[in-house]
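Letters A, B, C and D name the chains as they come in the text, with residue numbers starting at 1 for each one.
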């Protein structure tokens, strides 16, 4: 066990998988000598050489498109997109090719690719450095989407992602890159993709979240003093509806919390599924505490935009009183 | 009044707006001499000349990015993207710039741009010619998204879109481009963006749909023989929740129908909003009859994928029996 | 010197067998053994016949939209001939001739255009990617495939084909730039056929040549007469050599012409002059090659007649195989979304429903599972 | 002739005042009136001082990430000087000097980096676009803006700035290609400062020059010494002339250097040699211009001292204005999403909630509406 930050846990997972499998390679902007702008790939260039840790031209579609080719040829590329706001230029290669190659060719060609992307707000970054586009890649079929909220999960999920035979977008909540440390096993281990984690059990209400918002939920729950079950989805797509349903059937109430805008966010899917699967048990409409249906503002106001313990707390009070 | 197809109605709207406002110009692939691959811009090149009807290089990001510039300079570009499957390369310019310029500059620079895009399945077209990405541009704030289901609405909505001070994605359901005709006023008129149309009133159940699916809904309703209210959303973003809520509060039951995949589709947002706003009136969970969470298959199986009268009919039976 | 040249260059155009039948012995002699020229010619005739049949299938409603390859057979065929089996062919949709030469079963292409993913189920070891629908995107895959060969040190290269229109897409630029700057063994093969649907090449590229697009990347680049299979073979061979020995990419512009409509959904008379078409018909790569063979006594009308019969039988058999294929189960499209089907898809597939009351596994009719 | 040249060209490099202080009288004499050279120099000094202050503001937590412009002042300044007020400046984020010359209030740039959209509220008629964060995307807007001028026939042009890294993005290619093929009055101005964060230029472009990227489009292109404001002014003037009279775009590669870190979030020592930095410090455009002025008796130490004071006062006042600006109401970000706020946003804004029990308008506290 080592006491690691999220950044360190991811770095460790990368090292271990690269040691284990020489088909694994890393590519992206500034991932080499510089170790990535968040230092997630720190030391890897030195350790594995420039053949396996490659600084690419500044072109996101190029990074993903060539990764698709590398993956079709049987390698295991891990592509870094520097910020989620720069996934846009790669959208087409992700959704048109990475996500479709297996079904297009009936498995003759596949894309075992991991796309690592820092995500979310709260670090006072410039424009387009604070968004949360996970629902976009959930609505687009053919991808897996993962977002850890803790160092331990991060390591295990990333190892699963690297070994996964299908393309995985691995979102790293930058707000908690270094926010806290956790004991992380030094040996390799996997956390399964598609399985949620019950962070805390409870009977009054089910709260579902992922990424950095999980921390906000914890704070709100602690402040509320109520017996709330908190589920960290960990995998966004395909998400673990079984765990959510089972919980809501017990508690009868649910709140979903995420940073992304409300409309057509993953919260809407979860709320709909809860209604569908727990209709007769529901005591109140599922509440969604999310980003607003606006562009994430420049950082002076980002904390007004992001769901925080206070907003979550209000929703708790209201839903319990309903 | 003239008896027009959807294609003709759109063509007429384009002509009338170009006559009225010489800032209006059209650009895209094959929109000139060829009149567009669906002939929507037929005759415009001849009528308005190559300055106002421009064949561009084959580059969707280029089409949208230059349109953003044209619009910021005060022109009224109408950009055609040849098929919805080719919006991908333009995703970044749409969501990063067109959608953000007003809020970024607090209104100092704005993007009065219309992006016309044929959408949806059912015409036995090749891969990537049959998708329904409307929810993607609904989750991304800052855009308006419109999808008519009839020639009359199409003309009025397109005129509204062209006059709108903000970017509008105007989706044209290609399955009904020429499927039927309708009396369309010859004079110019507008249909307001953001207002649904009650296609048919009813008391047993509310059905919400848009685009080509509205026709499938009508068929299912007729077959069912039930007293069903059918709402054609017409505008996807921002959608007219008021009309939906008012209806469901009366009927207590709702089905949403769309071609796009289920998860995080607009159906999920509508279902969630219905739960939120009509919780106490709901007699059954809102049902979503949609595309599956898979890639739209090649055309041999596209009719298995698309929601049709039969699948909608099953949902009607089940929800009424619930 | 305040104004000083820092870079000088030129673009060459390569022709070996020109449109007037003149053959450059110096470059051409021994380039392709006679029996191979015959084989290539035979192959072209067969592919040309496929176009005819596919066109008819489309018109009679037995096939969806189909893009004729007519007039462009020499390009991909010459390239496929010049390359090795281990090299990747990363094509668009006008490279039937090259794909069949490599060994792609003809019915796969038919199935593709019949709206059936089985047409993309590339047999193992063939090293070709499926026909690419989104224009300009597949070149990046070639860059990645070439990169993988370099990574592994397996001496393979990737050759990607695309149209003049495709060179306008951003992905084209990124693919070329990655290959040039990371030193990757890739051949970028542009089929400049004068048109992108109704848009003439000058809207895609107003420079004197498309070949010079390679200069932006410091890449070797050349223009070839794309209706001259000898020139194509030589250019691709040289490029392959460069890729294999120095890991350097090459950009080839092959000047050719689309003799048919863009696809069966198009009517080129709306935008294209008859004169232009007639002129290019004279430059048909098949006519040219036939002339070369005739002149050398390697071919004659009776051979042609029996080849024609052979072609008809060959294509008829392929059409038969494509038409006889068993119907897909309606749930087919769920099956290859992921290696392992996640629960939500299992649920949707087992009921063929998305509405929850229908897809509730407890109440669903389990017999629907296929 | 089987191999025949079809295109020949070369790229020139333009320098007028070189790094050794040599001035080409033939090209340089009268290019910029003496009093303007003084004004430009003064402007550079003031901008340089802004970097210093902004850096300190960031370090003391009063500003977010900030990208120093240090060492690159001559590029955008020379261009802004050479252009007319009606021409658009479409910048990235290292063009402070040009923007201020055009008249952009300095506090706007400060506000931008302080995380405040008011920094992008460009005063009317200034014809500049906001600082662009997504690399490589803004050039397309310039192409559109130039197109609009041509459409209107108003004789304006657009000049867009971007880094060496930006030339790797697909949008760069599309912007250049549209401008060249549709004959649009646009100047593409690349600031090649050797680095894109930690990635050296050769990874972005392994060709001998970045300038030759323009050859792909048949565009006029030139390399200039970007630390020589005379060369920049001449190149931009020539390009503007070409754009205004022939609607033709030009590609300019200005070779310059980023003397600071990429931004305040970066530490260039991790990837950059000290030697390289030291060499470039000697080529500082400000030192060079000061030398020229000194030699002509147009400047001296006492002028420098009073300018320094003036700069300090000037920047201090701008910082003051940026800091004194009234706080934004928390609901501010709803207000400019659309010209007319749709109901769902009104609802969310009035309650600052997304959860429905909180945003129900009947139960919501209407006093929250701002």
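By definition in this document, contacts are C-beta pairs under 8 Å (C-beta built on N, C-alpha and C of every residue); 3 or more make two chains touch, one makes a residue touch a chain.
Note that the structure is predicted; figures quoted are calculated from it, not measured.
Farthest from subunit D, judged by the mean position of CA atoms in each chain, is C. Centres computed as Cα averages put subunit B at a distance of 35 Å from subunit C. Separating the centre of subunit C from that of subunit D, both taken as means of CA atoms, is a distance of 42 Å. Each chain gets one centre point, the mean of its Cα atoms, and the points for subunit A and subunit C are 38 Å apart. Across the assembly, subunit D contributes residues 117, 134, 168-171, 174, 177, 181-182, 203-204, 333, 337, 344-345, 356-357 that each touch 2 or more other chains.
The multi-chain contact residues of subunit A, meaning those touching 2 or more other chains, are 56-57, 59, 61-62, 85, 88-89, 92, 96, 103-104, 127-128, 141-142, 263, 276, 284-285, 287-288, 293-295, 297. Viewed as a contact network, the protein chains are fully connected, with every chain touching every other. Interface of subunit C with subunit B (complex): residues 64-65, 112-117, 119, 133-136, 165-166, 168-171, 196-199, 203-204, 265-266, 270-271, 328, 330-334, 337, 344-345, 348-349, 352-358. Only residues 29-30, 32-35, 37, 55-62, 85-86, 88-89, 124-129, 255, 262-263, 284-285, 287-295, 297-302, 304-305, 307, 311, 314-315, 318-319, 322 of subunit A touch subunit D when the two sit together in their complex. Per the touch definition, subunit A reaches subunit C in the complex via residues 25, 51, 54, 56-57, 59, 61-62, 64-75, 77, 89, 92-93, 96-97, 102-110, 141-142, 144, 165-166, 194, 238, 241-242, 273, 276-277.
For subunit C in complex with subunit D, the residues that touch the partner chain are 2-16, 24, 26-27, 168-174, 177, 180-182, 202-209, 211-218, 223, 231. Every residue of subunit B that touches subunit A in the complex is listed here, in rising order: 61, 85, 88-89, 91-92, 95-96, 99-100, 103-104, 127-128, 135-136, 138-142, 237, 260-261, 263-269, 271-272, 275-276, 279, 284-288, 293-295, 297.
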